[in-house]
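Two complexes come next, and they have one chain in common, subunit A, joined by subunit B in the first and subunit C in the second.
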Partner chain A sequence: MKKIFLLIATSLLALTLSACGEEKANEEIVVWTQASADHPEGKMFAERVKSYNEANPDKPQVKIENITRAGAGSGYIDKLNAAITANDLPDIFTLDGPDIGAYVDAGVLGELDGYLTEGFKEGFTEAIIDQGTVDGKFYGMGYSDSGVAVMYNEDMINALPEDVKALVPAVDEDWTWDQFVELSRKIDEFAKTTNDPAFENYEVATSLLLTDITAGAYELGTYYFTPLLWGNDANIVGEDGVTVDGVLNSEKSVEALTKYAQLFEEPALASATESEKTFHTGKSALSVSGFWYVSELINNYPDLKFKSLRYPKMSENYDGLYTPSGSWAFVRNGQIEDEERVQQIAEVMEWLTNDEASEQYYQMNGSVPTRINSVDVIDTNTDNPYHNDAWTVLKYQVEETNKSRPVSPGYPYLSETFAKDVILKIAQNKATDPETIKQYLDDAAKKIELEFEKYKK
Partner chain B sequence: MKIVKKISFYLLAFIVALQFLVPLAWMILSSFKTDEVIYKDIGTIFAIIPRFEDLSFKSYTELLSFYNIFDNILNSLIYASVTVIVGLTINSLAGYALARFKFPFKDWILIFVIALMIVPIEATILPLFLVVNEMGLINTVPGYLLPFIVNVMNIFLFRQHFLSFPGELIEAGKMDGLSEVGCFFRIVMPSSLNMYITVGILTFLASWNDFLWPVMALSNAELMPVQVALNAVFSDTYNIFTSHIMAALTIVTIPIVILYIIFQKYIVSGSVQSGIK
Partner chain C sequence: MMKNINLGRFVQVRNLTEHYRKSEHYKKGEVASAYGFLMPAMVLAVLFIVLPIVLAFTYGFTDYYLLKPDEKQFNGLENFKQMLTDEVLIQSFYNTIKFAVLVVPLQLSMALGLALIANKKIKGIGFFRTAYFSPAVLSLVVISILWTVMLNPTSGLINEILMNLGLSKQPFLSSPTQAMYTIVVISAWSGCGYQMMIFLAGLQNIDSSLYEAADIDGANTFQKFLFITIPLLKPILMFLVITTTIQAFKLIVQPMVMTGGGPDYSTMTVLQYIYEYGFRHRNIGYASAITLLFTVCLIVLSIGIKKLFREEKAA
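And then the complex of A and B:
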């Protein structure tokens, strides 16, 4: 027994000492990503880094480290924050687009203007440039965009009377939120009187995935529904990223959200407590759907026939940017000041986000391209009509209407409060009158203003 | 009356058992279905009763083609085993010292151990990261394992157990020529097998289920334990396949179930001895 004890103690000491001897190569450029190594996203980064190292054998080699994230990013974000405290950040790391403002405010990120090849920044789509820009300086290079469409169950729509069917726009047509609500209303009326098998499992006209907000995925609510405000010349925060009162609770915001609330007027057309996978399992005819639905529905719900439509506008005449967009981006460690090193880092970041990378990411992982020249890689002529339809809509939105979410140092709190205290609350309480909605917005604005005091210098 | 009591007892036991078994049955059954079938069956009896025409190994074959989950399971088994073997030795020695020896500041050390038990891991994770990082042990196996080998809860449990250990046995050992250490390894340890197994299982489970510390301490994918690797299935950026999650959970649950089956007879008696309930 004594020997076992001694053996364990000696092994522990040896392990500790051997690990202490390991030194970090100075030359290596280290990249942290939130994607796991086994996931297609992790594999696409590994592939990209490999090609960089092969093409540039004389330059500092790039090493990628995969820090798995949980849920909205915890795990990865915890490690990132610990590394900031320990002054041990990697050269390059990934951040979710809306979080860039907070990290810039904390002085963690380094700007990229002046280090990039001429014209490189302009190669990104407008929404991606806006997402990575704080106070006019460029910090984040998005490697993937996103998008939201309205999807409908083809079997259900085909069962509708001709006059209702006529309300469904074509894949390349704009439509308004009022038209969307009207279609939902007609579908609901029909569903309650029909015996058509397509409506056998019908529960609600429209799936909005508000249950995700209840489950803590607040950002989804803000991502899906801030466009209603944008499309009505309103926003959740002012241009400075910290003024909320008078912006979030403006008359325009009340007007937009009163239109959103029409969906909850009895008989309700959407629910805050819809079933799991409502649209996927034929329980709703319509769905406000993130672009990830496309591969999910095609691969896992082969019996579901679904078509896609553009995200509805607030008003027919609105011609500004308004559709949801944005995703994770590469940023650089702002603690590195050596000019030569920063230049090397910027070069690697360009390699990770250039036109070729953008195309490669779409092909390997279905990532929505962020480069203007790469959007055409989206194939809308495949054998699958559902894929073609959805990507026709998403491609159009990436090129023409995608808008980045607001840049704010307190974005996480802003997003959580808007989703929970406004979007979800309207649905839960079926609040449809402008006065109540104004009250919700005033309360939310007051709460956020209090939190944002610390950002107002 | 006796029969009524007996029936009521078994009925209650059956209902409680169902509460625990239904989610497990749902998980295992769902791992053999497609997402479409899983969500169609939710809310019906078919969520937990198999319809054999709907079952397939598709989710398992897909999952295993994407993820090297068995490598991560092997990592977890190694980490958990090392933590259990080394941790049991160190923590039981500490518990033994606190229970049987007199030394300066013993009571203060005991208070310190008890106080540390109430500090949640989330509160210590950042300082822990800073210390391990300063030691240059981040992204190394020792850096991952060392902080959790010493476990104040386990020290306390062992201390409580050794307080009631018959001193006559140790005295007899000493009379036969055994040293203090010899008495511990040859008499105390073998006589406390149930306690060691109970604490060992708790330690194994804690190590097996740990997520936050490995994420902080490790960044090399080849070193990742299964819970971190699994998270890639749960939190895919865009597509989350419930059938894959259920297949992964089923695979990961198997070693734990085997562990319980092998050691179940020791668990209850060990729990009673240590006061764990």
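And then the complex of A and C:
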């Protein structure tokens, strides 16, 4: 009997202690990120949180939890969605920019206007403010931007005849999609007649990485190629985030995508099934590449000489923003209503995304800065000309032309359908006539409209 | 003699079980400890089998959106009505059935063929048995990635071989007309090793005196296969038909990794569609409704095959 009493007493004591621990934990500000602890991104957050805790010992301490994402964010997002169901979200968490609209629509995120230091929001670049804004209210503080450039294989371009070489613009020059297609065509024609060793492994003129869409990374397709529509004054969804019919399948969209489809006219200049690492291994002369390729190419493919060019504009006359941008952002749990607590949370979010953090993230992880004052941290005068070239282009685009992806509560469906049923389908079926492309767009618009009915109620 | 002893023991155990079942004289402690032992398995079964089925059933009649769990509302047969006009879902059902119809006979024929080869008493056969079985121990994801690389239309090994043979390159996974057949062949290749081992066990249990008698009667190899091997392998064959068919309907990994369900949804399967709707598009209500319909289809299929099996057995 004594033993039973002892067991019950010990259990009660343990429960009490754990309850005390729980209360203490509640004082902490918990941050969830999708980066693993040993990834440079995870390390930079850990460093930033450590410095906050050291600088503010009298304030609630910040605890970071790394929930590694798999593929297109699945592992992390699954955990986040489970936490929403269980009403167990952390104070702050990271979210991919295009997802912000859906989470705001669901009432999961808390507004930040009114809690930030004066002028702090305005310190972000235009694309990052747009990415984090839904219905005029600010929710997401981007800690990293992104960018896409056209890269070319220097050895291959040097082997071209002078008149073709002249088609390559300078690093600080705008160019159009038509010029890009023309250059691709000339390269392909030359590749089929030359014995130059630079073209020894040649397979295709341009690498578009459409295989990412096949592999399930639908968002990459939308990220890379929605700008073709933007640059022709078109879009994939209306300003309200839910109207697709008449927007996605507009005349301007058909016109832009017909020009995109020129790459698949026989003899094709790009392929939906290109080889693994086509550009990296000298199998293509050109590539539409994300900024993360810069460090990958420099570090892992030291023999590859590559130069960078601006993302081509679809219409020469268009003068708005049009280049791909956006990335993950910090958002706050909207279920927390205690004003003091929200203020503390906003302070931590500022610490995690301020000018100093933005510079630190660039230095530690090569993250594209999101703060106007931090863009100059991008060093374009290093010993590596390829690095300098690529970052000159990216820096220009961050400052001048980057545009955030549309805000829509049904963004994942919108993005997947556009990538799969339009961008990939055109490439796979080599559909180049405007009638077929219009049909693809009409079908996609019809599908998305049906799915979006629930957001219009 | 050995068989008789085992049979006797079996009868003893069975009688004892029957006795306990009929008697109502369990002590309370015995009942409690029996439930105690059953409890962990029951809890797991309820949590991971019964509960999800019940939840899927209830969610199938709601508009449950993953990000708004508290706002789900009963919407009657709305999800089921949507299914009738969902062209991709109808295509997914068609693809899944097409896959099952093609892969079951192909995979079982390959497995039986390999088992017949592996059953030969020749030098080094152990190596071949291991080689044939090896795809079965590889992860399906790994297999899918490897084949995707080998089947690449521009630089893949298979097309290089075709070119060297003077044949034209094939698009394989990037063609709406070839992709599903390609997945069928790869799936059959990766799954037949395991079934080969089961066939092999069955082949080795066939009494060699039957073949010797057939030899004396002048039967040729094909006749021995048709009139001795096949009839004696029938129970194993039926078991493999049932398990392979059900497994075939659960296809998801290969299309997900190799084609993403494309091109043009030609390899989209029902399970992949459920996953995409539930987790990518966060529409749990609709995904649950499809799950319900699919579960009912699988149950009907299982009962059908089982009935067929019983009729075969009776005959």
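Operating definition for what follows: the second predicted complex is superposed on the first by the 433 of 457 C-alpha atoms of A that agree within 3 Å, B and C clash if a C-alpha of one lies under 4 Å from a C-alpha of the other, contacts with A are read in each partner's own complex, and residues count from 1 in each chain.
The rule is short, and it goes like this: a contact is a pair of C-beta atoms (placed from the backbone, for glycine too) under 8 Å apart; a residue touches a chain by one contact, two chains touch by 3 or more.
Owing to the predicted nature of the structure, the values given are computational and were not obtained by experimental measurement.
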First, second, both or neither for A:N381, with subunit B first and subunit C second: neither
First, second, both or neither for A:D38, with subunit B first and subunit C second: first
More subunit A residues in contact - subunit B or subunit C: B
Which superposed partner A:P412 touches (first subunit B, second subunit C, both, neither): second
Which superposed partner A:T273 touches (first subunit B, second subunit C, both, neither): second
Subunit B versus subunit C as contact partner of A:T193, first or second or both or neither: neither
Which of subunit B and subunit C A:D78 touches, first, second, both or neither: both
Contacts on subunit A seen with subunit B and repeated with subunit C across the two complexes: 78, 81, 85, 275-276
Parts of subunit A lying in touch with subunit C, wherever the complex brings them together: 74, 78, 81, 84-85, 102-103, 105-108, 203-204, 213-216, 271-276, 283, 410, 412-413, 416, 420, 424-425, 428-429, 451, 454
Touching residues (chain side subunit C, partner subunit A) in the complex: 63, 65-69, 149, 152-155, 171, 173-174, 176, 256-257, 259-260, 262-264, 276, 279-282
Complex interface listing, subunit A residues touching subunit B: 1-2, 4-5, 8, 12, 15-16, 18-20, 22, 32, 35-42, 65-71, 75-76, 78-79, 81-82, 85-86, 88, 275-277, 280-281, 290-292, 295-296, 299-304, 327-328, 366
Residues of subunit B touching subunit A in the complex: 34-36, 39-40, 42-43, 66-68, 85-86, 89, 125-126, 129-130, 133-143, 146, 149, 181-182, 185-186, 189, 211-212, 215-216, 219-221, 224, 228-229, 231-232, 234-239, 241, 243
